[in-house]
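Shared chain: chain A. Partners: chain B in the first complex, chain C in the second.
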Partner chain A sequence: MTDAVKPNVETTLVNLTIDNVPVSVPKGTLVVDAAKRIGIDIPVFCYHPKLEPVGMCRMCLVDIGLPAVNRETGKVETDKQGRPVINFGRALQTGCTVEVAEGMVVVGYTEKVQKARQDVLEFLLTSHPLDCPICDKGGECPLQNLTMAHGRSDSRFIFDEKIKLAKHVPLGEMIFLDRERCIQCARCTRFQDEIADDPVIGFEARGRSLQIVTYSEPGFDSIWSGNTTDICPVGALTTTDFRFGARPWELQASASLCTHCPVGCNTTLNTRREAKAGGEMVVKRVMPRQNEEVNEIWLCDKGRFAHHYAAKDDGRLTGPLVRRDGKLVAATWEKALALVAEKFEGAGKGLVTLAGGKLTNEDLYNLAGLAKARGGKALLDSRMAGGDLTAQVGLSTGSNLADLGKGDAALVVACDLEEEAPLWWLRVKQAAERGATVIVANPRRTKLERHAAFTLRYEYGHEAALVTALVGSFSPKRADLPAAVQALIRDKDVKDAGQAIAGAKDLIVFYGSEGTGLAESAALARACANLLIGTGHIGRPNNGLVAVWDKANAQGGWDMGLRPSADLAADLGAAKAAYIVAADPAGDSPALAEAVKAAGFVVVQDIRLSATAELADVVLPAAAFTERDGTFTSGERRVQRLHPAVPAYAGLRGDFAVTAQIAARLGVAQEKRLATGVFNQIAASVPAYAGLTSAALSEVREQWPVIGRGDVYYGGTTYDNKQGLGVQLPVSGDSPALTFEQPAEPAKFKGLKAVPVTRLYDRGTTVTPSAVLHPRLPGAFIALSVEDADKMKIEPGQKVQATLNGVTVEVEAHIDNSLAQGVVLAPRSFGLAIEGPCEITVKK
Partner chain B sequence: MANVIGSIAALMNGMWTVLKQGLEGPVTVQYPEVKRPVHRRFKGRHFLRRYENGLERCIGCSLCAAACPADAIFVEASENTDDKRYSPGERYASTYEINMLRCIFCGYCEDACPTQAIVLGDNYEMSFTDRSQAIYTREMLLDPAAPDARPTPQKVAPGSFDRSIPDMKDPD
Partner chain C sequence: MNALQTKYAKEVKAILAKYPDDQKRSAVMPLLYVAQREAGYVSRQHLADIAEIIEVTPTEVASIVGFYTLYHDQPEGKYRIQVCNDLPCAMRGADAFLQGVCENLGIEVGGTTDDGLVTVEAVMCLAACDKAPMFQVQDYENITYYEEQTVDSTLKLVDKWRKAGAKKK
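What follows is the complex of A and B.
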């Protein structure tokens, strides 16, 4: 992206004429972009509005003229009619590399230009295969479209001289390369270098032998790989997930959201009725849907490929199950619901509802409503705190990470941003590239550090202390702060970073869950809020606190009144009746499995039979997110809507409807038909959501760059957003008082200390059903410091026995040389019994 | 008088026509025992053709379905492997159905097909007692493999059929 089109750069306008149409665009705009802004198509292949121009393919050749300037007077010369004299160059120029200039005249319709386009296409097609009929890109292929629009009907090249190349090259397990189709535009390699910062693919050799190769092991080792298939202007790159799945014109498109992380990427689900699926409508591929304030035109590979958990396969629950003689057997809805209602009635205030963070706001609202009406507990299945603080000092309406630039700062603390919320990593990285000061505070190395102005290390457990030290670095000395904080304040980097934060125009603080349990997370969130309040970075757009939630809709959960439990095992164990929806505590941790077993009467509502469901007394099925209407609230507190893409499997209904049916039997009236009905209730009763309407969520604005179906040659196959950009909630405005809570000393353990970390590709229930990702899912592992590994003589990759909270699992040992001695990383959702920092023993 | 002669002539003419017709053979045939040959460009029920080696010509590209004005064709593709090869190249039609009740026998599918896989033949004998019988599946449409060719799927030497569409020649 050139500076000129960045939203927050003050710009001067330049006037020029393109194909006789006068246009004013910001200085620095490229000719192709200027044309696009007024709806004139200058064909491009290698240029992409999100990438730096390279001028490699010559497709964008146009005739460019500049006003003749008299050397003596310095004035523009005019002809007899008083019109400026325009000097055209002898050669055509590439519109993708030339910036606009005052008085410039661009011509694209002359025979000279048309001829050049024909020639470039003829050349590109010298060895192009006759693949359109079987090519996944066929139908949405820039080369196909531009050839139809600008190409010749014949070729002067000899068919016998066509070179034949490999057509089935796995670049990695997820992306296939067809070497014959590649037109060597380098969009894919430049995307990986410039945007993803994973330079794992590149060009090898020269001339006609030039080809794309992967340098990484495993091949194309990047969580961004799917995006290259969107922007590749031909069908050279295809995904394993979709290969030959359908022709693009046969697909239907529905607006949806990614449910894997708190970013809330906008997606389009492409669906088709399939014989292989027994005539069901199925999701064939997940495509990004443009939202320049959220995911731009990108998606991470988890969002793109891990959608199969919602597929209509044998693993899905289709009807209620009730435990009879120790076995779960099928039952009618009537019977199952009556039984559930009877037991909930009997449980009275002993009802505990536990809701997963991938539920919609509507589900969470009804669940919380039921729990409250019965005097029970409404718990959120999350190990992070601070949702109340984000509602007070979170991002305000009108925030956009793309607005962060020079003079602004972003602090990312206790978070491996690329693993926890990939798109935010990308956006924060871009902020750094625009000149924002990015401060990364994490006990070990993370990828974002490459773009950080300050990298702060602290000891696991000292996250809140570190943030408090940042506050301390610019505020009066306080002797009562703990020694750890005092020591951190004296650190030069902390001091400098603190100054940068205090002086920043806009400041956004991201806190994650690296190494934290609920207690640590609460302290950290509080400290981050203090920092923002202390520096006055609240209540304005592009300022505030962002929780990098462990669940996609955790913010919605907090807003609907659910809270994480301080001691989930105790709460579940003591429940007279437990209503567990879209959560799998037993699968997450063996300790919680015991608690579920101890609970009085357990109802599990989910789309698949989870480990928790296996222990349940009643299992109720629900519709998957692909089959549902509803809203999510992202970590940036943007409320967005998802629409049903396929009919509900076996006539199943959304979670809110199932809950409402139970509630009705207990005399609690809840909306059970339409998700929008519940949404209206939310808008009427949850203060932050006051006045929200479905119509407001569906509003769209003009977005740049222009992306859409007719423009595939320009921006790629990302869908344009016709279904809504969402609404960012206002912050409550009542800023909590600045209270310096003493950060607690981290728990000390005799032996090694295990800390939980989040990996994008984990082995959770929403990931493992997607076979396409399996080659990339690591097995259970732990990461040791170099010193500890040496001491125990453990080699990288070696199998070891790790015991956490009394549960032993065999894991692979990794070694992380940025890790401090005595600390072991234990990833979440890999079957390790870890919720917060705890002791671990590692045996060979 | 002339009137009478004229009338008789007309009568004789009519009798002659009747007599001539009576002496000509019948125009009807004893269908179904006897079948009338159809026109060279007659468009009847479709066939999916094979190459001489037995591989299916259809590559599952769905262009016939896209061309069909009656939306009568449904194609679903899958990927070939050298161990289980149905057609040359990477893609084949794992599902191919034509709804003969919708088909208007226009032949556009035939025109659209890049491999000349789908052709309309001379068979017009299609009658159904049930709507579902009108769905002609891939198995019903496929020509049987020639006696000296192998049926599909075939196990072939790796890399021997990597192109979906026969190579073009230089135009003269």
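What follows is the complex of A and C.
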């Protein structure tokens, strides 16, 4: 096991020499890793520093000797010169399965070892197709590289006896298997089992017939599947998205961030100039970029595949549009901006800005600044609250989920963590494996429960009550608590979980948006903050509150002074002028579409023509995240920077620059040239960001395992991080008072109650443009309890009419046997009009 | 309760009772026997049912079926004649024997007779090297050894099965 997975490895140091170089490493380190730490490459195929060693491929054979110990004296024997006598075994050993020992001597340069490596490679190549010229891995292939370094230049096997196998086997729709290329290292199957906990691919048959199979429905049913293509040491696994798309050596690499969820995974965008695109630069693939404190070396498939919304296709806006005679027609920037400024001037304090949560801090800062200067409203397009609390009791500088282990605890409440923030699911699961107490509180079953020490169920609407009950389980009895809380306090599991939380060394509380609207979210965040304050788990690293935000940069939005609206429809409807940036309220809900129509003058700024843009008076285009510079603040409060990978359309700029141009016409001075210029202003005026510099964001430290282009054979094709690990913000330090609010009783409805839930693969505007994901995007659906489905005689998969907030949609009925009777799950971003718990009628 | 569980309720329960609750997956082997007994192979549906019973993925069950040569995931003949043609047996004429049996049954090695009664397969050492030509017969439930065989004796055996089958009808 690597110490990235298990940082509390024993710190006793062991001394040994590898190829004559003395080295001291912690006890328990494997020989291959010890060598890697001093820059000595022992070739491996099946070994991967993030996976348990299995010793399957024999590529890592080395000569290992141990000091001879005199049986009688127990002392190390020495030769005439006083040097220890070393006994080498007769056979070579696999460096990936042998742990270091005191005085060990490892030798990799002898002829015997070289010969062994040559032999293993020759065997691997007996039936390898060697179709490197058409193989996607060619150019970044461990088998290619290791053969060049250690292999023979010819083969003694007969070419005609090579076995021919299927070369295009779809394992599901996103990953293809080339059976001829597979060297049976089991990295992919072990990743799916050990890391992703989705053992949906496996080995079938034996020997030469061994092959990777999947029996899940759909095939390779895992949101982690893309990672297997990074660690597959050959071109046996490739993604539908990239295969036959480009040669690795033609690609340029540019540092970016995933903008789909609040984890903020570090990515590398691989780009190429392409004839197909008229000689333009195009993003060919999204690759993970190592950040052991954020995403390690992984990405979820949404982050990897849902990048096409930023592509320069026909759907992109390339110039301003102005409504003339009821139609949106092209206009010059000068005309469009002048019109916007004139209308905003006229609107006075009636200006409402609504900002999407995937904008950069710089965009949000200028937007908030403009609204404030005009006396208008600065709204954040999010249905979650608590950004003020996370700034006070959130994670502080020096936190790393990899540090959670024995004696620590993580509470995940109102959240389906794998769906809402996949990488955090992975990191919390690993914390559980290291011995941390994971407590999952959710009204229905979620995947994280498999690793939970406590699984707490509560009724939708009682999330704040549940957390308050956890506080109540270790604090003096309070008679004034509502009945729901009292009842939960009496629950044995709640009590035990409460004790575990109170006694935890470090505690991190994640709250999501399962079943909550804005009001419920505010109560929940408050209750979670109380729990942390009450147990003293604030103000130190690895303690605090993490909002599993519904938008990637919602934390940045709060920090820049924007707030979600308590009644967005009313705010928009009453706006004299609305400035909607990177948000699509009309697409989200029919009620909001009405509000947009009711607003006085509507300006929409976006990269594509959204449903809201169709209703606008002026549409301003902006550069996509792949085309610009800026910073994001993750849910762990880590400020990270993305860089432009491809040029924007002529004349298009980042959102902050467009806003600044409008502001200038209204007499408000804003930085409009450089994102870094805005960033410096943020550092100067937003307290939590005080003193931050672009240079600090770009700092890198040595990371383990060693990842990078020269080391693809070891950790895979993930990129090393040369462009910055980001900076985690300090918490404000002023510990908020324990203000106690009575958790409100959830609204009761006569009929069925619908609650909003989040699905990773939704039908939102940032997902649907990626065709590669289409087979995995469910249609609009609702989930019913077994009892309700029985009562209404609804079969799973049946089409039903669901009416929410006056809007009827045809949806597919699913059945969730962990749901309580009377509750219906309504997923967000599937065209259902749901913002918080509400009544629903279901008709066949 | 899925189909397999309903049909063999008692047996499945008895099997599961042998393993602690958190190690249900160990029951995969006996459950596969139960499934295979039905038609000589483990169907896709059986895979899914077993996976559900022991709380693993169907892929994991399929890997087990794929690993062991005596579990099958495709329907073949009711009797699988598994002839050893490993080196020691080959030296005692196993190859010619195998060819002879197949020719007389009108199939290739690995093939199944038209009436679906017999499949002939070549397998590795069955630890009866000194009694070659030899084979084992795997039917839906049992495995039986036949040693020092000739093409004739084998065809007689097949005839016996045919007649027994016809009588049943």
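Everything that follows uses one rule, which is that the second predicted complex is superposed on the first by the 834 of 844 C-alpha atoms of A that agree within 3 Å, B and C clash if a C-alpha of one lies under 4 Å from a C-alpha of the other, contacts with A are read in each partner's own complex, and residues count from 1 in each chain.
Basically, contacts are C-beta pairs under 8 Å (C-beta built on N, C-alpha and C of every residue); 3 or more make two chains touch, one makes a residue touch a chain.
Here the structure is a predicted model, which is why all the values come from computation and not from measurement.
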* **Which of chain B and chain C A:276 touches, first, second, both or neither** => first
* Is A:159 touching the first partner chain B, the second partner chain C, both, or neither of them? -> first
* With the two structures laid over each other on chain A, which partner does A:474 touch: chain B (first), chain C (second), both, or neither? -> neither
* For A:250, is the partner it touches chain B (first), chain C (second), both, or none of the two (neither)? -> first
* Partner chain(s) touched by A:168 [first = chain B, second = chain C, both, neither] -> first
* To do: Examine A:201 and indicate which partner it touches, taking first as chain B and second as chain C; both and neither are also allowed.
  => second
* To do: May I ask you to name which of chain B and chain C touches more residues of chain A?
  => B
* **Touched partner set for A:216, first chain B, second chain C, both or neither** => second
* Partner chain(s) touched by A:134 [first = chain B, second = chain C, both, neither] -> first
* Asked: Across the complex, what residues on chain C touch chain A?
  -> 44, 47-48, 56-63, 65-67, 69
* Which residues of chain A touch chain B in the complex? -> 129-131, 133-134, 138, 154, 158-160, 167-168, 243-247, 249-250, 274-276
* Spell out the part of chain A that touches chain C in their complex, as residue ranges. => 198-206, 213-216
* chain A partner contacts - residues on chain B that touch it in the complex -> 59-63, 65-66, 74, 76-79, 89-91, 94-95, 97, 114-115, 162-165, 167-171
